[in-house]
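Input: structures, listed below.
Each of the next two complexes has chain A plus one other chain: chain B in the first, chain C in the second.
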Partner chain A sequence: MRLRAHPVAGVLALAAVGFLWIPILAVAVNSVNQNSLMISWGGATAHWYARALHDPNVRTGLTTTIEIALGSTAVSLVIAVSGALWWRGASARARAVYDATVYARIILPEVVFATALFFLFLKTHFPLGIAAIIIGHSVWNSAYAAVIIQARLVSLDPAMEEAAADLGATPWRAFRRVTFAALLPGIIAGGLLTFTFSFDDVVTSYFLGGSAASPLPLVLFGMIRFRITPEINAIGVMVMLFTVTLMGVAVAAFALMGSAGRGRRGALAEFYGQ
Partner chain B sequence: MQAATALRGRKADSGQAAGTGRRLGHLLVIPTAAWTLAFFVIPLVLITVFSFGTENLVTFNVNFGWTVSNYASFGSDLYLTTLLRSLALSLGTTTACALLGFPLAFFISRQRPRTQRVLLACVIVPFWTSFLVRTYSWVNLLQTDGPADRLAFGITGHHLQILYSPASIAIGMTYSYLPLMVLPIYVALERISPDLYAAAADLGARPWRQFRRVVFPLALPGLIAGIIIVGVPAMGEYVIPEILGGGKTLMIGNIIVGQYLDVGDYPFGSALAVSLMVILMAMLFALRRVQPVVEAR
Partner chain C sequence: MNGQSSVRLIGVEKRFGDLTAVRSIDLDIAAGEFFSVIGPSGCGKTTTLRMIAGFERPTQGTIEIGGREVSGLPPYRRPVNTVFQSYALFPHLDVFENVAFGLREARVPRAELRRRVAGAISLAQLEGREQAKPNQLSGGQQQRVALARALVNRPEVLLLDEPLGSLDLKLRKEMQAQLKDMQREVGITFVYVTHDQEEAFSMSDRVAVMNHGQLEQVGRPEEVYRQPRTPFVASFVGLANRLTGRIAGPAPGERYEVDLGHLGRRLAHGPPGLAAGAPVLAVVRPEDLHLTPAADLQPGQAAATVVDVAFLGAHRTVRLDAGALGQLVAIGQGQSTVAPDDKVAVSWADDDAWVVPAAGEQ
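And now, the complex of A and B:
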């Protein structure tokens, strides 16, 4: 006899799924809603999309965000890949220290970490702006990338590399054709994930951007705090489509339902699950 | 013979190469070690040290000295209330996520593989969409004359009036953190061998007993992982109370940001951040102590 979910669990489950999707549907509906107070349906319009696309703050914000996301992804991948390769040859104690620092970088509330880094930059007179944000994002992003790349590395049998060496491959060639090839899906998935996390970040950017840089989430945050504007919904839908496409690629790259597409803190869920 | 020598030669070669590789391999720790030390460990040590310092509010010079005055002002009503509110909101959010998340994870784990994938996508995809925009959507759903309010007015004849209150922050946080509770519980449930259900059923356990004696104990490590991933970051939440609290209802994260970016009182801001870190470490430690006990059962 198969244990079935009780109807009560079914009702609660469907309620939870509805709860997760209603705000997203509301964003999509209001992005084409003529009623600017978003209280009721006032007919369809593309006005908010046009306004969002022509807003100079949104445009510069988007450029800044992409620069930051690309920079922090590159830095994070270098850190995560070299760390993962080191991890394989490390002693159990060294591994434990490494794992603990990865874990700490993920779980520490961003407010505490951003405050501390802001203070360091202030004391060392390091200028706030794009470079500072890239450094900040790469601290937690490299930890997420490390978790994903490591999951990939565990499945790589060292015998494969030994076989390559025995067959006469130079160490560099063996690395390129065996180790790196095996890691590549993890690198792609990790890279796309870190890109989207960086793309969506508010707190670290808020502290480290100073007056020099305001990426898109900070532009949106400013709009949200000071006025009600349906433009936000249009930007939200466009950002969603962009992220969903990126993450779709990430999932495809990392095989179906691997530890890829689980969102920033969702990667942590995977980390715990192991 | 010749072949054997050649083989031995190559073995030696590859052994040597592996040795060099291993030594070079140890250097690979440098990027991650340097980055973590410079931009994670040192800043945290720095704010801990400066949280015991004092600041000249005119010149913004921080004097280093061992004073606990920053921690003493933490005990004042405003900060204590905010800290307690943050604790309550974190606890409430975690409880709500567990109450919704467990049935959802269990329901998903009991479906056919294809249905499971669709439902999991339903849980994960909202996670990929802009966090700010999703949170902002609740302002519009909960506002007076908004959809939720009209529904409530239609049923009870009273307006909802929960926007910009702790209740709306709790709703926004539960919403944002729910997938984080579902995923580890689902992973734990997924690992339960079908044989265990069969064995329990063969031994005459009824469904409720199967759930209580087999499913729940085995899902408990996942539930604890979910509690950690939801509860710890929820304590330090900044963006959700900023948007859904309307600047009136604050959490400790908002006060830390305010002390840093608006007031500029760095030692006090640091004392708040360090206190939050210590509280969270204590919580984590406590939860970590529970986990082995649970697993041993």
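And now, the complex of A and C:
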């Protein structure tokens, strides 16, 4: 407590926040800077945004990214939800093994998975491209989705389906009205999170995209290598706004779960830990 | 009680692998009855309830509800509703939707649904909490939502699995009274499972005592308390002083003469059909023991030393060491004059002794 009140602590905290946010602020400012060399402030303009939105490379990159993000989200949710349903009825030992495989996918470096999959696809002649990237993203995305959905699952009373059956619901109705409905906030939050992670991924996409697929982060990466223009800043700001909005919705959806209790805290830690 | 059968179990048995949870139970519960099943944990009472609800299929035997066989029907086709020990409320639905769940499944028209849900919510004293989510409610309120959610469907039978188990003592007492009132009001058959004998006695028309998957005795609370059929029932239901002896022979007034070792022969009531020489336990309830100074010891009375006196408000509990007879317990207001280490004479009236066959002792 005393340490927290020390003036140096405040200065350090401010410096840290400044260190993190000033580059982002610089990006935002330069995205509307008329001076194309970005050496000094040349007045405000929306020109770079217009240019970015009309750049064919950026547009196909964005389409590719969205296709990949949607595909990976869908695959991840199916894996995570079916895994969670299996998990409920599994033995303690089986659960531990399952949990270990989930956390391994989060902890192990992405570049390792990406390299491994790259060689696997090469050996099996699986074409690199959108499908390969979707598979690659789903490796870790399904693990994140599993953690979030399982946090919700813990709050589900095992007697819930019995209660639904007792009240006249057939097994399918009980699943739809109780199990799935109770999991829905977790599924929405998990879906938004995985979409975001997929949206700004570089490493996996770089390894598995080949020459066939260039999602937006790789397009940006390529542009930087030639020249740095305010257009890149404009794209950066747009991507950032989009991502932050999605994350905001995800966090809000997760907070709406309310009764998730302890599990919710754990999953939120996952959120921020990312 | 109109005598019509509401739930009937015929030779019902349930095995889980090698484990027999319930063995060959026959039970007939009348319509409108408040019927409790009591027993220690693991005695098969919850399994029995789950078989009536349809969550478990009996390995053998048949179950009838309202005269119709339901043994093969899934839970959602049975005219029963359950109040779960954990309540099992739906966390994503508010109080109104929780209560309306069954009616929506039954496709009850909207106006009627509103009316019936409102009625159930008022019966459960939850007015004004319709929009609350279960996690915003207290334990007692959650319990009442669970009750309203089941009762709103007007089941033929309401099954309750330790519904007051997670409430604190004071709230539990209040809910016991409310449950009994509610049952009288709706007239639905209640089948109530609990390990708490006092709780069962305070509400039930009849109770069944279960142990090791078997029904030990079924009867009115007074009957089970006053005339236990087995040593297990005698000790599970309230406190009991148990004196070992043998039947010496029949006595007038549907009684037996019982040889109680060094206490000599005493008279006692008991179930019919006990043969001379049969080993028995003579059961005397603590409130039926009388303590007098040791100097007044008469034949047939037990000499004992006071071990401990506990003051419990309305009465005192006296623990006694009666030598070869073992430990005895006496409860009453008249015991107030004794103190630890006092020598006393313990007596009881012949009408207050009841014998049970000792052979079935666990």
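Remarks
Please note the rule applied: the second predicted complex is superposed on the first by the 250 of 274 C-alpha atoms of A that agree within 3 Å, B and C clash if a C-alpha of one lies under 4 Å from a C-alpha of the other, contacts with A are read in each partner's own complex, and residues count from 1 in each chain.
Just so we're on the same page, contacts are C-beta pairs under 8 Å (C-beta built on N, C-alpha and C of every residue); 3 or more make two chains touch, one makes a residue touch a chain.
Since this is a predicted model, take the numbers as computed values, not measurements.
Judged by the touch definition given at the top, the superposed model places A:V178 against chain C, while chain B stays out of reach. Once the two complexes are overlaid on the shared chain, A:I107 sits against chain B while remaining clear of chain C. Chain A is touched at more residues by one of its partners, and among chain B and chain C that partner is B. In the superposition on chain A, A:T196 makes contact with chain B only, not with chain C. Look at A:D157: by the touch rule set out above, it reaches chain C but stays clear of chain B.
Of the two partner chains, neither chain B nor chain C is touched by A:W41. In the superposition on chain A, contact is made by A:A165 with both chain B and chain C.
On chain A, the surface patch touched by chain B in one complex and by chain C in the other comprises residues 162, 165-166, 168, 261. Contacts from chain A toward chain C in the complex involve residues 155-157, 159-160, 162-170, 173, 177-178, 181-182, 184-185, 258-259, 261. Across the interface of their complex, chain B is touched by residues 1-6, 8-10, 12-13, 15-17, 19-24, 26-27, 30, 38-39, 75, 78-80, 82-83, 85-86, 88-90, 94, 98, 101, 104-105, 107-113, 115-120, 122-123, 135-136, 138-139, 142, 146, 162, 165-166, 168, 171, 196, 200, 202-203, 206-207, 217, 220-221, 224-225, 228, 232-233, 235-236, 239-240, 243-244, 247, 256-257, 261-263, 265-266, 268-270, 272-273 of chain A. Contacts from chain B toward chain A in the complex involve residues 10, 14, 17-18, 20-22, 25-26, 28-32, 35-36, 39-40, 42-44, 46-47, 50, 99-101, 103-104, 106-108, 110, 117, 119-120, 122-134, 136-141, 143, 145-147, 175, 177-180, 182-184, 187-188, 197, 201, 207, 210-211, 215, 222, 225-226, 228-229, 232-233, 235-239, 242-243, 247, 253, 256-257, 260-261, 266, 269-270, 273, 276-277, 280, 284. Taken together, the chain C residues at the contact with chain A in this complex read 53-55, 74-76, 80-82, 84-93, 101-102, 105-106, 133-135, 149-150, 153.
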